[in-house]
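You will see two complexes here that share chain A, one where it goes with chain B and one where it goes with chain C.
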Partner chain A sequence: MKMKCRQFFEEFGVTRMIAVGFFLAIAIAVPVLHLNTLTLYSQALTRMAMNGVLVLTMVPIMVCGAGMNFALPIGIICGLIGGLISMNMNLQGFTGFFASILFSLPFSLVMGYLYGLLMNRVKGSEMMIATYVGFAVISAMCIVWLFVPIDNLVLRMQMGRGLRKDVVLTDFWAGILDDLCPVTIGGLTIPLGTFLFLFLMCFLVYLYMHSKTGIMMRAAGQNPGLAAANGINVDRMRIWGITLSTVLGAIGILVYAQSYGFMQFYESPKMMSFSAVAAVLLGGASNKRASIFNVIFGVMVFQGILTLSMPVANVLLPESNISDIVRMIISNGIILYALGKGSGKK
Partner chain B sequence: MQNVLLEMKQIEKEFGQTKVLKGVDLRLDAGEVLSLVGENGAGKSTLMNILFGMQSIVSTGGYGGEILWEGQTVKISSPAQAMELGIGMVHQEFMLLPAYTVTENVKLNREITKSNLISRVLGPSMGTLDHKTMQQETKEALDKIHLNVKPDIQVGSMSVGFKQFVEIAREIDKKNIRLIVFDEPTAVLTDVESRWLMDTIKEITAAGVAVIFISHKLNEVIELSDRIVVLRDGELVQTLERGETDATGLARLMVGRNVDFSNIEGRPVEEIEKREVVMEIRDLKVSMPGEKAKSVTIDIHEGEILGFCGLAGQGKLAISNGIAGLYPSSGEVRYKGETLPFGNPLAVLKKKIGFVSEDRRGIGLLLDESIRMNICLLAMQIRNRFFRSFGFFKQVDTKSMKETADAMIQELGIKCTGDAQHPSALSGGNQQKVCIARAVVFSPDVLFVSEPTRGIDIGAKKVILDYLVRLNREKGTTIVMTSSELTELRTMCDRIAVIYDGKVKAILKPTDSDEKFGLLMSGIDA
Partner chain C sequence: MKTIKQFFSENLVVIFFALLCLGAYLIAGQAPYVVVSDLINRVMRNSILVLALIIPIMAGMGLNFGIVVGAMSAQAAIILITHWRMTGMAGIVVALLVCTVISVICGYLLGMLFNKTRGQEMITGMIAGYFGNGIYLLIFLVLFGTVIPFWDEELSIRSGIGIKDTLKMIDGMKGAMDNVWKLQLSQVLIAVFVLYTLYMAYCIVKRGRENRSAVKISVIKWLIWGAALAAVLLIPSVSAVVTRCKIPMITLFFVILVSVLCQFITSTKLGQDFRSVGMDIGIAEASGINVNRIRILATIFSTVIASWGQLAFLQNMGTFSTYTAQQNVGTFSIAALLVGGASIDKATVRQAFIGVVLFQLLFLLAPSAGTKIFNDTQVGEYFRTVISNGVIAVALVLHALNKNRKKAAQADSI
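On to the complex of A and B.
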């Protein structure tokens, strides 16, 4: 019994246990401190669902051996372009949402392919370079957003030309998944539609990972030498994985936006890759292994901590400007903890 | 009674379970040349590493037995200590800094300094280099070995042979040097340079410095040595005094295992050679680092077991690696009348030519996947086996994978907790079995196997070899096996090609004599 317990703990990993422990402590602190428990819990659930697909982008890219997707902004920008085109055509509701995904596809496929080509040239230092590629693409797109031709005046800046920084989605498809079939249990709202969409995406990725390409991708990621000796085209597999990751990134930001209610352009996507990376690491992924379970588990714990710790910190440290600092410390601290601890053995 | 410099008594060493040295004795007088000969893996390098106090020995639990240096028992626990005693080593792979000059290399870490203001405060490590004296002393050392180069040129620009001599100069320059170990010094040298090196060694010994000479070139060994120690499988076979034997006798001692190969049940070579040729290899060149194949020409017949033997570095491993498409190659390989492309593993595999690499941990296994996946991977990739079709897409069929994997685990006796275990926890022998299982599940017509028994225990060895023979006899798979272990090649092969200097030196029958094998492997025509 003792041995079994020990084995379980070892497999689960100390890092994850500490994270889960912290999450539980905060979750318990919410009702104890007489905060608005149900609203906060609902918020946490919404955040888990809306971030899920963005975290899922980590699976194919990590499995194919190209490290974590630090250039997630590339995928995000493709999603934004898709959303922009659909909104410019004034498409609303489900049509608008799915048109956005559809319009983003050609962009994410091409960008993902190029991103893959680049990663194949910088083997060994993918993550460092991906981070800066992500930043560079964001800066370049800032110029594009300013000059992109827009017909729909809602999208345009009040003065002059160019795109708004934040576009309100209320008239388009805000909450299209969240409000699809929300389940309310005694005041606790679960955005079931978004969760279902996330699970659907996870299932598709699962199917892909268990197809021939998926299996060969896994082999190529784990041992490129062996893969090459067994007739697997390692570079092509990496491009597949990276492209898939980028496509998921585009879909991910659209899911995020419908829940958030805004579409944010310009510099906003800059730091999004870090929280996605932190979530998957906290979920137990290591450099070349990432599973659907890691994604779901990680996004729950990470977003849970992030959402609930803020109000708790606010009560414990009532000085308003301190709480903002605490917010920074907590969110960046979790990322740092996950990157430092999680990238080694789980 | 001569002046005994070094005595090693009953030296033993084990790495994990395998005993690599089983009680070796040797004695060396001042000014004497002692040669160590033996096949790869006989224990020569380990013995020298013990003498030199290398980290690889110390960190694995030290050694058994006793070392006497000038009559005193010593326990050498670091190379620095060995150097202090006066033991120097000329390495096979050069330990020189290419961007430094000859002087700087020779005097490395033994720089002569003059004191200056700072060094008076901070100690001698801050002293000014005395270039003039250093150059002069280096020149003297170079003169001693008749190496006519300027002490101030960069080592990186010199030829391989000259580098070797710079290494020797470095050892000679040490004032207290008493013994120099040469680890295969002539392997990289031209004939003229080898001649020069041998003369140098004679001069060194005339000056009273003892030499331990490790070489596969038996002629050189015979010429130089006052005493020859023959090792085989970690055991001391015999110590020979000068003139006691010739190259042929030495070859027999080195290779022979007192196993009688004259009546092993092989298939007659004549019959094998009448069979259809499945693969013609013509002038195959493979640039595999350290194992270059220069021009290999040989025919492989249908359903035979062909062996490639040869010493390390002669290019025997390059042949199968080159054909499998893992290293850049040129020349021509025709399989069943069609030319095989080079550098394209997929095309080779699609022709049902399998390859089990010698680099087991490197490119042999997916250490973090299940044994099941490891066994089935190749058949999935090439044959599209183990998939179930659902209209547009195919999914992995875990059930049929499990059945196949379990069957292979049974058949090869892979010791594991189940087909879901990861191979990282398996022993070397069982890992090797997984590698072979993968190649077999893919059901190749021709199977190249490289070093299938390297570093594995005897039990697993037997299972693997028996299985390969059975595969050949029952399924008619043509097997081409490359191995450093001549004995196992001779027990199972129909024909054995001796590879020397990147070429096929000869094709022998397994029943040919020990000395024939030994001499041909050393490059001497028998």
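On to the complex of A and C.
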């Protein structure tokens, strides 16, 4: 029993335990400090749901052995392009949302495939390259956004040319999933639509990961040499995993945008990958292992901390933006911890 | 003919960026004096940060994205000396001491982290920079004024907790290093030429007798440089620029000192150890070098030099945003080094200087060139980030391709 406990703690990791403990502490602190508990909890739930799919992108890419997906911006850009096309056609409501997903698909498939090809060439330093390829794509797209032809004047900057920095989605499909069938239990609002969509996505990924291809992908990720000896095309498996991850990234940003109410172009997606990586690691994933449970648990703890720490901190220390500081320390700390552990095993 | 071809293929990156700069200069159409004086300013304040990258590359740790940590230690030092109301050279010297102490500690911790994540130093350095940023924010935005007793009319936020987000150095501190002694660019050029002549004479006297052809080549070189200098000083339009531009001598000496350190460390025992660890960790370990210790030392060197660099940078600027000034230090310095033709496993002082000049030239010309072409200032700004991120991405990809090709070749030969 003692051994088992110890093993459990070792696998769980100190950083992770601190983070979970911190989450529980502030979750309890909210009612203790007489803050508006139900509203805050509802906000936390909304943020969990809206970030869920972005975190889910980590599963296929980590399982297939290409490391943490620091190139999430590539997927996000594809989603933004899809959203832009659909908004430019002035599609609204469900049509608009699903059209955005549909329009993003060809981009994310092609980009994911190309990105997969690149990652196969640079095995061993995927993470660093992914980060900078992501940054480079984001900054290149900044110029594209300035010159992209737009018919719908709502999207255009008031002065000069180019796309707005933030497009308000109220006229298009803001909250389309959030307001689908919100459940209110004694003042606590659960955005059930977004959660259902997230669970559907998780279920599809779960099915895929447990299909024959998924199992082959896992084998390719765990031990490429052995997998290749068994006749699995490792490179192809990696490309599939990366492409799937890019497609999910595109869908993820659309889900995020509908809940957030804005579509953010230009430089705002630059740092999104770090939060998503941190969330899945917090949920218990390691360099080559990531499950749906890690995603759900991780996004709950991470987004919970981010949402709840601000009001709690404001009571304890007025006028500080401690929430941002907490996010920086926890998310980067957990990534560093995972990096240290991942390389230590070799 | 063959050597020319070789020259082009070896310096492809430099030539490409030199042409880009030339194009941007022609399009932007700015006055030469403005460009040159701005360029001198930028090169002086950025080169030490770029030099900080050389030693970790020598030790085989790749591009040190962790220099951001060094930059933050310099910022902490400046906050302290501003609080102590120190000015002038005394302020600079105390700031140097304080930031050296902080950055040695930070470098040591960073080095230990790098040893735990061998093979992934670059991503670790980058994430460590973000993590360090969080700690830095925690200390100066939350702990100052609460846990650490601190109050300063000029620095503190009015609520008493934390430091203001824009830090204006007190009078006398802005340009404290730059303003001590300035000389005209023309005077500096002449001085450099005199030194070069003396060095040449020394070489000829010492070794000339055995090697006639080498003497001939060096005399021809001397004549060409002399002619170039004379041209610069005598052509009226150029000489007007050269005599008007001023060079901050103390900063220049500081830059030279650091580059001498980076250049000649290779001839010391420590430098040899850096080299052999960089060549092959396995062999170095087998030959009895304490690899972990050497790697930590390399990181400390890099962090300390980076903190000096950020200090030189900030004293030149005078005002900086307390919490974000360090953010782009890593990306911009690394991109500059790569523009100079360095790669992830080889970088020299010369490449660092070529890189800084070209990169900063492009940086200062891109916005106005972008405005001229597209009638939009933002294009140029975005173009700069595309270049800096793109250069790093391409260099990383090329390096990985090369490494994997070598690995495959090795596997084949076995």
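Keep this in mind: the second predicted complex is superposed on the first by the 301 of 346 C-alpha atoms of A that agree within 3 Å, B and C clash if a C-alpha of one lies under 4 Å from a C-alpha of the other, contacts with A are read in each partner's own complex, and residues count from 1 in each chain.
Everything below uses one rule, namely that contacts are C-beta pairs under 8 Å (C-beta built on N, C-alpha and C of every residue); 3 or more make two chains touch, one makes a residue touch a chain.
Just so we're clear, the structure is a prediction, and the values are computed from it rather than from any experiment.
Trainee: In the superposed arrangement, which partner chain does A:Lys212 touch: chain B (first), chain C (second), both, or neither?
Mentor: first
Trainee: With the two structures laid over each other on chain A, which partner does A:Ser139 touch: chain B (first), chain C (second), both, or neither?
Mentor: Second partner only.
Trainee: Return first, second, both or neither, reflecting whether A:Lys288 touches chain B, chain C, both chains, or no partner chain.
Mentor: In the superposition, A:Lys288 touches chain B alone.
Trainee: Which partner does A:Gly231 reach: the first (chain B), the second (chain C), both, or neither?
Mentor: The answer is first: A:Gly231 touches chain B but not chain C.
Trainee: Compare chain B and chain C by how many residues of chain A each one touches, and report the one with more.
Mentor: Partner touching more chain A residues in the overlay: C.
Trainee: Which residues would you name on chain A as touching chain B in one complex and chain C in the other?
Mentor: Of chain A, no residue contacts chain B in one complex and chain C in the other.
Trainee: Quick check on the complex: what are the chain A residues that touch chain C?
Mentor: Touch residues, chain A against chain C: 70, 118, 121-125, 127-129, 131-133, 135-136, 138-140, 142-143, 146, 160-162, 274, 317-322, 324-325, 327-329, 332-333, 335-336, 339-340, 342-344, 346.
Trainee: Tell me, which parts of chain B touch chain A in their complex?
Mentor: So the residues of chain B in touch with chain A come to 324, 326, 345-350, 355, 357, 359, 362-369, 373, 377-378, 380-382, 384, 387, 393-396.
Trainee: Which positions of chain C touch chain A when the two form their complex?
Mentor: Counting only chain C, the residues touching chain A are 113, 116-120, 122-124, 126-128, 130-131, 133-135, 137-138, 141-142, 146, 157, 159, 161-162, 331, 376, 378-379, 382-383, 385-386, 389-390, 392-393, 396-397, 399-401, 403-404.
Trainee: Touching chain B in the complex: which residues of chain A?
Mentor: 207, 210-212, 215-216, 218-219, 222-223, 225-226, 228-233, 288-289
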